[in-house]
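Structures follow.
Next come two complexes built around chain A: one with chain B, the other with chain C.
Right, the complex of A and B next:
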């Protein structure tokens, strides 16, 4: 019983990280149709900044100042990455180039981590003390990631329905050509979407750092699970990413508990295949509205 | 059998590709450089895999990020069977290729449901999971320790520094290139490409797109498995670390950096991405990955279509033609032969009580239609009356809600479009589904591919234009010519029944007259049954033997043109009677 509760609570906490990556996917995908493969390593970068900038002694004030600073830093980095990614799409008939440029960005970040710290794995100590809930000790980080996921879900909802820029980005997801014809500055909006996704993964990486593996090759796991979260929920739908993320988190922790850590990703893959075979549009996705 | 012919660009790519492969194997061996001999063996193994990845991506349109896992599974199977279990290398080789094919088929399964980056992520996830499974099942795979298995028989030099394995790797890479070039010139290769670029056109040509995806994945997995099986004697060792997701990404990078779809693209891509970081940063192991990432990024920014793709685009622009000899309807009509007319009893198309609803709207509401074999049957009605829906129902593109459809007496109410097409039903679309990625001649050939008969009269009649049309794309053809090309494509496929959806839209008066003659020719001289949906009533009245008038999803009149013209309900529908 206690084990099950731990799996559920930790699963939600880990799943919230996947949900955050999934939502950051959605923001860029809705604006440009691009899936940013570098998102996982960007998350790791956010965590690396926490490792580099946070003192070893708990310092709450510093934590609260650094959180927005790291988020903004990643937003700037992603804006640059987004600008570079969108460059070749203007002139080329070859629309696979974004697959390469985003993957290459991911490879470059991983390579820099490798040069900087070798294949070592860094970890960060949380400045918060663990919470006790129904007799179970919950690391504060899991509560924080869950809260952050909910915060970004609500913020994105308000942004896309109440803020002019957000509405314009939503318009891009409906019909890119019509948006362009209506005089929207598509390129600028798309770069903005990249920047917003940077705010999300930057804050997520910083907050989740104590439970993350900060290593040169851990990004791909977050990309993969974030994508599974987004697809399970329905690509483009943030509510879906939230639910999908939690589902993926709980399943993968159950797999780790029952069979061992090596099987976490296998379970995610199985979930992805099952969802795509049975309900390709995901739990909350619009049914192939744009394909027909 | 039709002899395979390569165009000039293909021949050049093949020549350069073979020189690159053979040269890079032979030269270092003759010069006695062990370092480069070894490196180029790996490069050429990767070339073989990337060539097949190119086929899978560019020809079959399948995004797979998992080819590294296919490669690794084959290599590891060889390691397990020939190394841990102590069987012969030959036994391991066969087992490795077989396992690779199995994994390829597993990749093809989700491809039946999802496409594009969804499929990319499924295969990517598989590539992430694969090495984890190698570690997880360490009882079977020896886990992170890897497996050592030398094959001395293949690595002992024969003379001049050349080993049997070097010759095998060379043969495999060259075979992969030759295979890719040949595949493109064959019926199977064309059909794989049609299924990728236009599933609708493919189904109208009797192609089941899912089946061809399976075939493409199987071919790619077989070749990749062969390369994986050769990896073991080259290295003498397999480790899970060698087959991480990075390897799959490398293969994909190689194709796109070289130039997606360019025959020699994968060779250039592998050379650049493997050799540049390894040669320039040989002493800085940790910086190799960084160099590789930057090379890939910078090349995509500088050459968005890949290195070879960009060069080819420039070459094409230099000898850009603005004109190509058009398809002359007169030339087709001048064909001296004639086909026997089919017996006029029975029905070519029988539609009974067909109902089709979209939400609450009934697009077809109890439609009956009978088309006499060998006749031209006009289908007219105002916009939204259900004409095109009826055409889609007959050709199997839309499932009906109630009623039945039969082709030459065979019930096709539930049959998918490609099966209807195989019964001899050809169709055209409102916007011509001319395949821009193929040459004009190939557009005709994919018609003939329906029955696999390339000696048919139409292709023979147009043979004088073969060379010119083989080197030019249909974007050089005027709109009316594209319409004619699409009709001739179905004729080349020897379809008995032709469904033409607004074929005269956008045609000039003279072009319409030509088109009317072509339609009569199809019926009178070739004995074809034609069902014609058209807004140009004058044209329909001129060519049709019988006419059916649809309004709001129901048949309101049916009969010979004269009777229909006199029908007051029809007159009310088309006031003035000239044009709808």
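Right, the complex of A and C next:
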């Protein structure tokens, strides 16, 4: 029983990272219909900044100063990526060149990391003391990623329901053409959505750095699990990403515990297949009418 | 006047003829392909390998070459990509017509190019560890790396004879070499009467090994056998063990010892308590005042050759590749030929006579891994001297 509780706590911590990537998928998807497959490597970039900027000795003040700075840096980078992605598109929902563009952005980031640091993996020591739970030490980072996921979930909810720009972005997810006809500056709002997703993955990468593998090829793990979290929860639904991420995290760790480490990655993909078969719109997704 | 011109002309022609004669008396250089994974995943190991090979070639050429023939090195980068490697191997063999090949350091890269080098019967050595690279699959290739089976035998020796362990659990990554290791461990544990209480694996670059360790903890083993392919992975296993407050003795592999800096970076020095790793005995010491001379001299030469690289690269790994070049040299000079069958047969029969940095080597028709379990020692991973020497287990 103790073992299972430890697995649950670790699963929530790991799953929160996937949930954050899932929410960043949703922000861009709701505004543009684009799935940004560069999110995994953007998360790794956030972690890389933590590696480069944090001192080897714990320094909480610097950590708190750098957290928003890195998030803003990634937001600017994502805004540029979003602008370049959207530039050739007449309509982001009717053309699909974004698939190549976002994958290309991911490949480019991976290649830059390879050139910069080779295939070596970097690691960051957490400035926070581990938490004692049932006689074992739990990395404080897991508490922080869980808190950050909840923070972004609430912040996005407020943004989309109470802030004018957020309401306008929500309108894009309803009907792009109607939003354009109503006078909304669609392209600018879509780039803003990319920037907000940058704030999420930038802060997530920085906070999660001590429990991440910071390497040129580790982005794929995070983007895959984040994507599964978003789809299992229901694309576009942030509550779904939150629940989906935690579900993926807990199930994958439980599979490793009960059946062996070789099942760890398999189980998240199996979950995706099962959910798509039973409930294609995801756990919290809405069924949408489709023009035929 | 006319006679003088004739004398000058005859003298000039005679001088030209003498120069041409002298040139033809100089043996043609041996073309050797430096076939390394300079970019991509194998880059960090290949850079150290290149340093060792470059040093050996420079020293051999300065001393007159192999059987009087200077080595003319032609470089190729596999990019750690089997497809690229195949193209580069064809270029070296078919266009450049190399007679020897040095490298690679990645098993799957070598496996991809074997049809090309086997057909051309090129003698070759590298630093690969896959059990799939047998003398049947690669008859003219030798490896200076320790294979999984040798590591398993040495780790069982350490656990059984030194630590008196009666039971053990295994944790490894999911790579091909690790799977060979697990199979070898199961055989060895059964043969030595050590009870296997559990086996777990993790994916490369996984950062949370808590579930795997919780499972293994249930079996209550005396020792935990750890086979990692990167120092970071090993560090994450040891960090998870520490976080769980679980303290079985950890018997680690070659990676745990030679990439101890990465282990410490991830887990901290404190996580290495009750942990041993494996290293070539040639790169270990007992008394800091009595260091192994061949490796010490190699470090001095490496610093003189390229101080920058010597300061940041793994010199034990460079030394292993350095020795490999000399093994091939001895094979060519001993057999009097450069073709793969002759050189391989000579090394199989006489490799044990090699006296280099690595100490006693040995290859047989059944195994072309030059380093066996007897050339390995258990070490304290965190007791490292500048240059990379590690203190052997049991030494104060």
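In this text, the second predicted complex is superposed on the first by the 277 of 292 C-alpha atoms of A that agree within 3 Å, B and C clash if a C-alpha of one lies under 4 Å from a C-alpha of the other, contacts with A are read in each partner's own complex, and residues count from 1 in each chain.
Here is the rule we use: contacts are C-beta pairs under 8 Å (C-beta built on N, C-alpha and C of every residue); 3 or more make two chains touch, one makes a residue touch a chain.
No experiment lies behind these values; they were computed from the predicted model shown.
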Next on the checklist: Quick check on the superposed pair: does A:256 touch chain B, chain C, both, or neither? Answer first, second, both or neither.
Outcome noted: second
Next on the checklist: If we overlay the two complexes on their shared chain A, which of chain B and chain C does A:136 touch? Say first, second, both or neither.
Outcome noted: second
Next on the checklist: Quick check on the superposed pair: does A:218 touch chain B, chain C, both, or neither? Answer first, second, both or neither.
Outcome noted: second
Item to check | Partner chain(s) touched by A:268 [first = chain B, second = chain C, both, neither] | outcome: first
Item to check | chain B versus chain C as contact partner of A:80, first or second or both or neither | outcome: neither
Checklist entry - Of the two partner chains, chain B (first) and chain C (second), which one does A:283 touch, if any: first, second, both, or neither? => result neither
Checklist entry - Which partner does A:7 contact after superposing on A: first (chain B), second (chain C), both, neither? => result second
Item to check | Footprint overlap on chain A, comparing chain B with chain C | outcome: 114, 118, 217, 221, 260, 262, 265
Item to check | Interface residues, chain C side, partner chain A - complex | outcome: 39-44, 80, 174, 200-203, 205-208, 210-212, 214-215, 218, 230, 232, 235, 242-245, 262, 265-266, 268
Checklist entry - Inside the complex, what are the residues of chain B that reach chain A? => result 57, 63, 109-110, 113-114, 117-118, 120-122, 124-126, 128-129, 132-133, 135-136, 244-246, 249, 252-253, 256-257, 260, 286-287, 289-290, 292-294, 296-297, 300-301, 304-306, 309
Item to check | Touching residues on chain A, where the partner in the complex is chain B | outcome: 35, 84, 87-89, 91-94, 96-97, 99-101, 103-105, 107-108, 110-112, 114-115, 118, 217, 220-221, 224, 227-228, 231, 260, 262-263, 265-266, 268-269, 272-273, 276-277, 280
Checklist entry - So in the complex, which bits of chain A are touching chain C? => result 3, 6-7, 10, 14, 114, 118-121, 123, 125, 130, 135-139, 211-213, 215, 217-218, 221, 253-254, 256-258, 260-262, 264-265
